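Lettered A, B, C and D in written order, each chain numbered from 1.
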């Protein structure tokens, strides 16, 4: 034992003269948690969509999704909110990391005293807590993700290529791409409520991950007999509410749907999909072989009813056939859907117009039920001076001609008026026919009702967009085969009552431009003239549209309606749901005699 | 029309005529659903009439200086003749044009009279009609110009 | 480096003479499960003859929570929040090894920056853990000043953890795919400041503890581990290095960024409690040095997480792997088996305490004075939860 | 390394030799040669370090796979030796004479998997469980959730609502696919 070793420990005494670490800090001040501290939860309830991903990821079942007073389920929000049980929470913060909406985070508060243990079970963001309004605390780093925020790009034809032909622009996912994209789904099911047909979206996406495409097809046909079609041109409201899209890009639900259909050969459909039930002896007439009519036909036929469809055109599909250009929806895809419906024994009378070839009242007399889904096929007119000019044509006619293989003779410079999907289709079709295209629209790009994707593709294909432009007159041009369009610039005016801003013409800023053709595509209306007045007088009809009751049933018990002519959304998927729901109503009505 | 009451009586009569016109159209309309639309228009005109009656009795006031948005939609549309098989688009055009004509009439009258009290009444009426025109034009903007 | 051990002598189980408790010669004494001489909850069933221990039986299970079992019921991402609890004072090694094993099996390549951040975390964890151990070690020999110093500085390091990871103990920072966050502004400067203070404090500990006549007298010669005991007993880490084995996974099988760092493996020869403490003291300085190197050289930008699949339904193809890292006590390992499902098939956690605290302890305790049993136990540096997982 | 593996497959009929990552190779040995093989690896091949031993329950195949993880410090290579044993009356030769730490592992395997190692010291003693009367808990058929529900009461007032089902009930009760 050395002397050094005996003395050395007394070095401790030196510390007696140092400033102490702890004592002396009086009054004792509360030490806040670090700025990124994982403390008590806070949920921005207005941003939360109740997807339940926090519930799913919680490793210790510390979270319940619960109903909360004052919050109702509505499109894109389940109305449920996470309730935390601090008896089980381990403050790992996975719930924060996975939160699709980015509404959930943790504060840096870590002290909470209460005499009632049940207090430690609380709905974050819905109950007042002392840490409300704290800005510090753990939140997900923007570069850190627990699911891929970006979607798998769909391979598209290059614009210079796509504009040269009517070949389908979207090439479809490969299996690898589809699986990667399907992987992004958090399976919350928020989209199901928003999908007009309430398709089992998470389930068929799951089937892609499992590689079980036949099951996927079965799941889709539960609610939609047009998956090949909807997989291409659906308005995909589902994607607009997909929680994955809140902080990233929504799951490409539409493309995944298309992928499943593309994997299964039509020849296998009969084996995979449900077959017709025993004959019921009931007969049902359907007016219009569009998506609404054929959807009703499919589900009614499955139940064993005899179904006859009356179609005024030479082919089935309605607007899908005559209004959607083949570069978006190629005929083989549409035919795949329709052929399966027909293969079940649905009879379609082509070139058969109700009102002309058969009286509407005869249908009501001779069939057990009638489903009407005649769509919107009358183009709205601009009602401006000179609209009857021979070089002014309507967009539906242009698309119809092209679908029928006729040359619409539009020349080399075309003005398309309108901002809806028909306008975009007309513009892109005109580009494919070799014309320079100018799109004139009363409002701004962001106000366009057309699908954003279509707008972008139209732009990429070289369509020139002139927005806030109001046409006021069509004039004779110097050359007889041209037309001069007089249009004025518009200012957007905020409507004090709300709603989208309204354009107001600025008379001092008028322009004259000359085109070979002006295509008007400002909207469509219905033609219900085939219904005699004595019947239509009994029906609820407004703004040219039927107002159906529950199960799409009209006051006349036998009459059910659906599709664009009976709903406000006027898209294929809504028509499909109307048809499905009417089929449900008709079956119920025929089965039990109950009204909706 | 030399007194405020006389002017209001005229205006009330005009609204009544409009209400009757639409009620008549409702009877004659053949297209499904147009009956209800004309009945709605008629009811709208009756509301206007009732408002003017209230003004006359002093229960309500007209405001000559209020700002009313002019969407100018009807200004550039062609005239449409009302008929039995009229479409809802055309029915709206008829209504817009009628309100526009009334607005023009009262505006012109306001310029012609010199007495400030009367001028105020005419201007107030013009503003009322402008509001009605805005009502129909907004309908047109939303329903007919949906894609445009 | 000693000669490769011969296996004959060391394999004999401690076979004490038959103990007849009714003879009145012996006393049974339980140390633990709550005892400051045992870092964690565990008990030693001691049989004494006078002051001398004639038999030691270890009892574990006070901290058994069945982690390995319930990891089989949780998804890959959920498990990362669980593993840290397997070694309370050193959760980061669990986080790292679990994540690395999952990444290997899933075929995920972690970005460079994440590797630096992971290594930084591991070294900080080592430092914090050693500081706590230093306190425990000196406390076990009656020096109660040192724990106050070392635990204070451990707390400063936990402050750094709190800032970086959002938590002081269960950081849950290293996650399959990378890390969860990057260094906050000004963090490096604060870290350097704390390292400076820690280094100064450790020099004082050196004078007060390592050069303390009492400490030396009691720890030298205590718990001697002969070199030929090392392999049969699976002794690793500082316990093996103090016996002359130059083994350090950071050097021998470098993981993360250790091949880019400059350090030497510390060894000693006497292989008693004092030398083990000395090795750890040197490793504390080494650790501070490594952290400084990393702070200087680590990249300040770039991704810190690999492209991840959706963790909510993450499936990993069938496979198995065993990954290990050098923790404060030596080889820490994760053996992970996957079967292609969303759940892990089997996880086995290999903690050094498994053998240090049971087989080794039971043998070394025999013949030791009862007063030194706590010091012996602490000198082996064991954490019971990693025994019973 | 390769020559050694060749020799092992010849002399000990080891199969399924797979390199998992550089430095880690797995192989499967028969139960009856396992002890000899391990001794051979330790004494002749330098695999002096037993990292750990454990078991995997392959209930679907009716076997436990015992895993002996051995390490050679000189060549820095690790061998994972797998030995399949029957799940019924599971029993294995003890290796406590090869590694002094092995008896602890074997005690654990006996308690948590129900695998017996005759002759292993104190193998019958409780390891980390005390008074356990259920089946060995690490066996796959031991259902922890079922056990917890049977043994403990859960806190009152808990309960969760599925967002998708909730929305279906509120927003489209009569629609969607047939239930």
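Throughout what follows, contacts are C-beta pairs under 8 Å (C-beta built on N, C-alpha and C of every residue); 3 or more make two chains touch, one makes a residue touch a chain.
Nothing here was measured: the structure is a model prediction, and the numbers come from that model.
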Study note, to complete from the structure: The chains touching both subunit A and subunit D are C
Review point. Cα centroid separation between subunit B and subunit D, in whole Å?
Key: 86
Practice item. Report, in whole Å, the distance between the mean C-alpha point of subunit A and the mean C-alpha point of subunit B. Key: 39
Exercise for review: Report the inter-chain centroid distance for subunit A and subunit C in whole angstrom, where each centroid is the mean of the CA atoms.
Suggested key: 55
Review point. In subunit B, which residues are in touch with two or more of the other chains?
Key: none
Check your understanding: Drawing the touching chains as a network, do you get a line, a ring, a star, a complete graph or other?
Key -> other
Study note, to complete from the structure: In their shared complex, subunit C is touched by residues of subunit A numbered 1-2, 4-6, 8-9, 11-12, 14-15, 21, 33-38, 53, 56-57, 59, 90-94, 97-98, 106, 138, 141, 143-148, 183-187, 209
Exercise for review: Going by the contact rule at the top, pick out the subunit A residues touching subunit D in the complex.
Suggested key: 50-52, 55, 63-67, 72-75, 78-80, 85, 87, 118, 121, 188-190, 192-193, 197-200, 202, 219, 222-223, 551, 577, 580-581, 584
**Study point:** Of subunit D, residues touching subunit C in the complex
**Key:** 20-21, 23-24, 26, 42-43, 48-52, 54, 56-57, 67, 69, 73, 76, 78, 80, 96-101, 103-105, 121, 126-130, 137-138, 140, 142, 144-145
Check your understanding: subunit B touches which residues of subunit A in the complex?
Key -> 380-381, 383-385, 387, 417-423, 441-442, 449-450, 470, 472-473, 493, 495-496, 499, 502-505, 507, 521-523, 525, 528-529, 531, 533, 536-537, 539-545
Check your understanding: Mind pulling up the subunit D residues that touch subunit A in the complex?
Key -> 155, 157-164, 166-168, 170-172, 174-178
